[in-house]
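Chain IDs A, B, C and D follow the sequence of writing; residue 1 opens each chain.
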Amino acid sequence: MAHQVGIVGASGYGGVELLRLADAHPAVDVAVIAAHAQAGQQVSALFPNLPGPRTFDAIDVDQLAGLDLVFLATPHAPALELGSALARRGTPVVDLSAAFRLPAEGFARWYGEEHPEPTLAPASDGTHGGERAAYGLPEHTRATVRGARLVANPGCYPTAALVGLVPLAPLLQPGSVVIDAKSGTSGAGRGAADSLHFSHVHGDLVAYGAPGHRHTGEIEHWLSVLGGRDLGPVSFTPHLVPMARGLLATSYAALAPGVSADDVRTALDEAYADEPFVAVLPPGTFPHTKALAGSNGVQVSAVVDERTGRVLVTAAEDNLGKGAAGQAVQNANILLGLDETTGLTAIGMYP
Amino acid sequence: MAHQVGIVGASGYGGVELLRLADAHPAVDVAVIAAHAQAGQQVSALFPNLPGPRTFDAIDVDQLAGLDLVFLATPHAPALELGSALARRGTPVVDLSAAFRLPAEGFARWYGEEHPEPTLAPASDGTHGGERAAYGLPEHTRATVRGARLVANPGCYPTAALVGLVPLAPLLQPGSVVIDAKSGTSGAGRGAADSLHFSHVHGDLVAYGAPGHRHTGEIEHWLSVLGGRDLGPVSFTPHLVPMARGLLATSYAALAPGVSADDVRTALDEAYADEPFVAVLPPGTFPHTKALAGSNGVQVSAVVDERTGRVLVTAAEDNLGKGAAGQAVQNANILLGLDETTGLTAIGMYP
Amino acid sequence: MAHQVGIVGASGYGGVELLRLADAHPAVDVAVIAAHAQAGQQVSALFPNLPGPRTFDAIDVDQLAGLDLVFLATPHAPALELGSALARRGTPVVDLSAAFRLPAEGFARWYGEEHPEPTLAPASDGTHGGERAAYGLPEHTRATVRGARLVANPGCYPTAALVGLVPLAPLLQPGSVVIDAKSGTSGAGRGAADSLHFSHVHGDLVAYGAPGHRHTGEIEHWLSVLGGRDLGPVSFTPHLVPMARGLLATSYAALAPGVSADDVRTALDEAYADEPFVAVLPPGTFPHTKALAGSNGVQVSAVVDERTGRVLVTAAEDNLGKGAAGQAVQNANILLGLDETTGLTAIGMYP
Amino acid sequence: MAHQVGIVGASGYGGVELLRLADAHPAVDVAVIAAHAQAGQQVSALFPNLPGPRTFDAIDVDQLAGLDLVFLATPHAPALELGSALARRGTPVVDLSAAFRLPAEGFARWYGEEHPEPTLAPASDGTHGGERAAYGLPEHTRATVRGARLVANPGCYPTAALVGLVPLAPLLQPGSVVIDAKSGTSGAGRGAADSLHFSHVHGDLVAYGAPGHRHTGEIEHWLSVLGGRDLGPVSFTPHLVPMARGLLATSYAALAPGVSADDVRTALDEAYADEPFVAVLPPGTFPHTKALAGSNGVQVSAVVDERTGRVLVTAAEDNLGKGAAGQAVQNANILLGLDETTGLTAIGMYP
């Protein structure tokens, strides 16, 4: 008997990817496809990969509370409200927004507003899970996710950055981390904007939002918590790349004295040897974003530059896969007691 | 117990897509991944979506003959030999090449060489299946496929053109069919060539191979056989479009006297009402190739132009999906007695 | 002393391309950069290739009337008004909109509104120029342009279609013309729209607006007038291609009895032997849109298909070049008494 | 009377861009188009933007020595030989290869071979020009270029990195520079390769060649020489971006104590206030590579991150423009005594 799940915010790219993944998932049925502004509209009018007469549902908290699990793919404002309400009623929630990723203090600082539910957010001392939202990066937090009701699905940039850097944190010099990240346009959402017009993006590359992009705070907090030490402020610059999907985080950090290339390699290998969704590439190869298209995989590579004393870490993912909907399904599988890989793959569509 | 299958020619794009689909297929195991020139090389060296140490196998006919089914994704020359050998030994074969798509006479004419196995090829009177290869367009030939051992998987362009035109054949004027088709670059294969260099294709659109592209003969033969009447020679022009995947066939034909827009609509609706992989779009909408990316779906639309008396039919697919590997899996499902949709989806990756 | 010109509608893609071309033109100065809704805004806010403090001017007819020439790159509604006013005051105008391309009857039929200035539009008997607007396809109408005050710059699709078909018109069978055309996204204008979002267009190909696209009427009228005979209704289908610039028209038509491949070749060669912006390609080669990027060139190729009795004509251009701003400068050069090639090139940016 | 110039290595992308620029240049005629392997072949067979019967010439040193100036767009091995020979005979040379960019010691280290002409290379103490090759970054070396016979045109990555960093060098902490750079595929040259196949690059982003890419040495040497101080080893990572043209260098460096955002801004403004090809963007905006397509412009932006104490510098160019052929023409203009901007523009093709 399949689990009945709901997708709220189904008119965005996270939502439509959840619909695609759920369709191929053998153990869930999508009972509700809710979208605020699009309620009543045909899904096919927005997403031609889903032809047919199905329409978006209105958002009905009582209906959602009766489901086995709810994915929230809305902006963080409605997610704060819905996530809190559903979590309090005991409905498992995987929230793809930023509503519950940061401690209340960090949320206030990076999002410019008070967190309305500080006791549901992670604590600033690093505690998360239980009554509080668990940070859903299963490779580093699956035990915590298992015991939670509310899971904060990581941001797309933080996922790639943290998968690459967390295992190396003990080997790095604080204050030295630079993360130069690049994403396809689907990371910027479905809203039509001059800056996302095909005529402008085609053949173009541009940085944006630096310094001060909100994902900076998320990366710093969880790199410290999951890496086991405070690595200080991080330089983070995102770029918009002329492709629809795919995200690459290129990270640089000074190695602590005495750390060798072997130490780096061993740390990554040990962290991910048994992880079905993370591949550590052989030295001298670099991950291709395209290799992960449509999948929940991450590919990571690290190389030490003896001249500069820095390690160079590159991590690639599909921003809508492991960076959003794929990881949300992975977290949902944990909450529902399913095998973590159910309905997911690490094999991208190539070419 | 999963069926043991082999993929020969696994180093090409049809092959790697078969690997991806087989990985997600619940009822097959890929026992052999064979490639002639790449035998012994790591799969990951060619296809970064498949990391890990697995290497390509050599081609061993005896080994292949012991499998439950073999996919041939080689050029037509080796497929002529392997397909004949395996079919004679009773091993079910789905051949993605052009080796067995045409009657021997048509093969000689369009491929410029004698067919070495004329009794295994379809007959020029339209007979196919049984001892002969069956033409594997399941929506129009599934009964024949079911009784065959050797299935000729249709070409990418013929699949889209035929899905759109076969149901309309009785309504059209002979000699009036024009098919203007467009494909992403993966249809041209994996070989590095000046004309496929990213720097040249990016921002470019070009026609090629017309008149006289080999798919012209395949379209003409099967449009007559499956459509039930001779529609005469067809104008067919393929184009290379700056995208990796996706194929669109835009077809024009004069309507026979008295045929109405309703007749056209009805013919398509009746042909595909129960087909899981074909969606007939509502009037006024056109299929997007991107909606089918990675899927086995086809989307079709037809509109009548009263001014010119012509019907305009557009049909979109993923050239590696329904145009190659997806349809090959669909045919394999039939041969293996599985539900035709096992391991396949009509929902493309979007955006 | 450079000619003082104005560009109205400078906030659209035709306008910004005129700005780029005018900057490189040795004999014109852009005195006015007017845009209705963007008056007062910085040009660089819309167009990052034009950094600096320059702002869009308001539209002031008296100011424009004092210039040596005005380019109108607005929608057709304001162009009807401005073009008429300026032409009556004797100011040379090159109008890139559809305001004056069709006779009043054709305009009413294809644009769904009465033409407010029927005596300034071309006449339905084919007369144009003089007091009426001249149709500005210089390779076929330069003498008429020379004697006009108001020039209707052809549409992007009609330019490519007509350059390919006009010289062949005497050789074709009426009622047999099919034009399958494909354009980059800049042809759809600068307005942000869901259908032009990079995430949707990347990897996508789709037909649109058929049958009944407005350029159909323009092609039919001028193919008859410039080709010297009525070729009847034309099937015309445009497609949106995932590239920013570039347009390809693939045309099919039945040859009249007795017409040979040599006749076709000769007709094209004779028409364009001395034309600096039209290259007729050798048999067996097809024009690449990318070869014309940023230029005013057109490349044409024709091949006869003996099996079907049809000629296949492909013509490529930059839709913003020969399809809009480039041809507008070419027409302006004629009106200003300059060499027709001043400030223009037929060499595209490649790769 | 136009200057007679030759282009050697005209079959590469640097060569074809030189042909395009030379065609639009009012003061040069291209007398020789030489290419080693392609001698005798039609130019149009490689470059469809240049239709017509013209063929590549063979390389004839005596003929080249008689010209007014020679552009070398070959690999560095033939350029070492040709550049030395022509310089010794007094023919002005602009060499687009790496043959003469580094002192002999640096060349040996980064290119793995002895420099055959150490007295023609720049000296390791920073001396260049005169008998030695001048490093041709005119915004910082135009006086030296003016007095030279042999000009080493900078690499594509070094140009963008140095334009952004040289004016800031006095404000930075040694050992802190990280340069994360991204280029379109034309930077990788015209050779067909699996990694440059459109099917692979479309939708893909990947790092390559780090650490140890040869441009690292060029950046370090000239950043020290032109910046006036040794900034130590630099981390440099190039990436391949799915676009044909365009290059972005994103640089990070720690500010020296007491340096303010105003100091940074002032340093850039003062360096480039009068430079026709460098635009310093207002705070809060970032350069778009597409804004420079086909031009010789560079756009630069700098922003200080108070949290990390680092400055973030982004610099965009067309890798074939200011990063290769455009800058070569700029250097040639200096050598020929022409205005530096002749035949060049800072306005890219947009969209």
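Operating definition for what follows: a contact is a pair of C-beta atoms (placed from the backbone, for glycine too) under 8 Å apart; a residue touches a chain by one contact, two chains touch by 3 or more.
Nothing here was measured: the structure is a model prediction, and the numbers come from that model.
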If we define chain centres by averaging CA atoms, which chain lands farthest from chain A? Would you check?
C
Chain pair showing more contacts of the two, B-D and C-D
C-D
How many angstrom lie between the centres of chain B and chain C, each centre taken as the mean Cα position?
39
Separation of chain B from chain D, taking each centre as the mean of its C-alpha atoms, in whole Å
47
When centres are defined as mean Cα positions, the distance from chain C to chain D in whole Å is 37
For chain B, residues that touch 2 or more chains besides their own
13, 184, 186, 197, 199-200, 202-203, 242-245, 287-288, 290, 293, 351
Note which residues of chain D are touching chain C in the complex, please.
13, 16, 19-20, 23-24, 26, 47-52, 186, 190, 202-203, 244-245, 279, 281, 287-288, 290-295, 299, 345, 347-351
Within the complex, chain C is touched by chain A residues 13, 46, 184-186, 190, 192-194, 196-203, 242-244
Which of the residues in chain C end up touching chain B in this complex?
175, 178, 180, 182, 184, 197, 199-200, 202-208, 210-212, 233-235, 237, 239, 241-246, 248, 250, 252, 286-291, 293, 303, 305, 307-308, 310, 312, 314, 316, 351
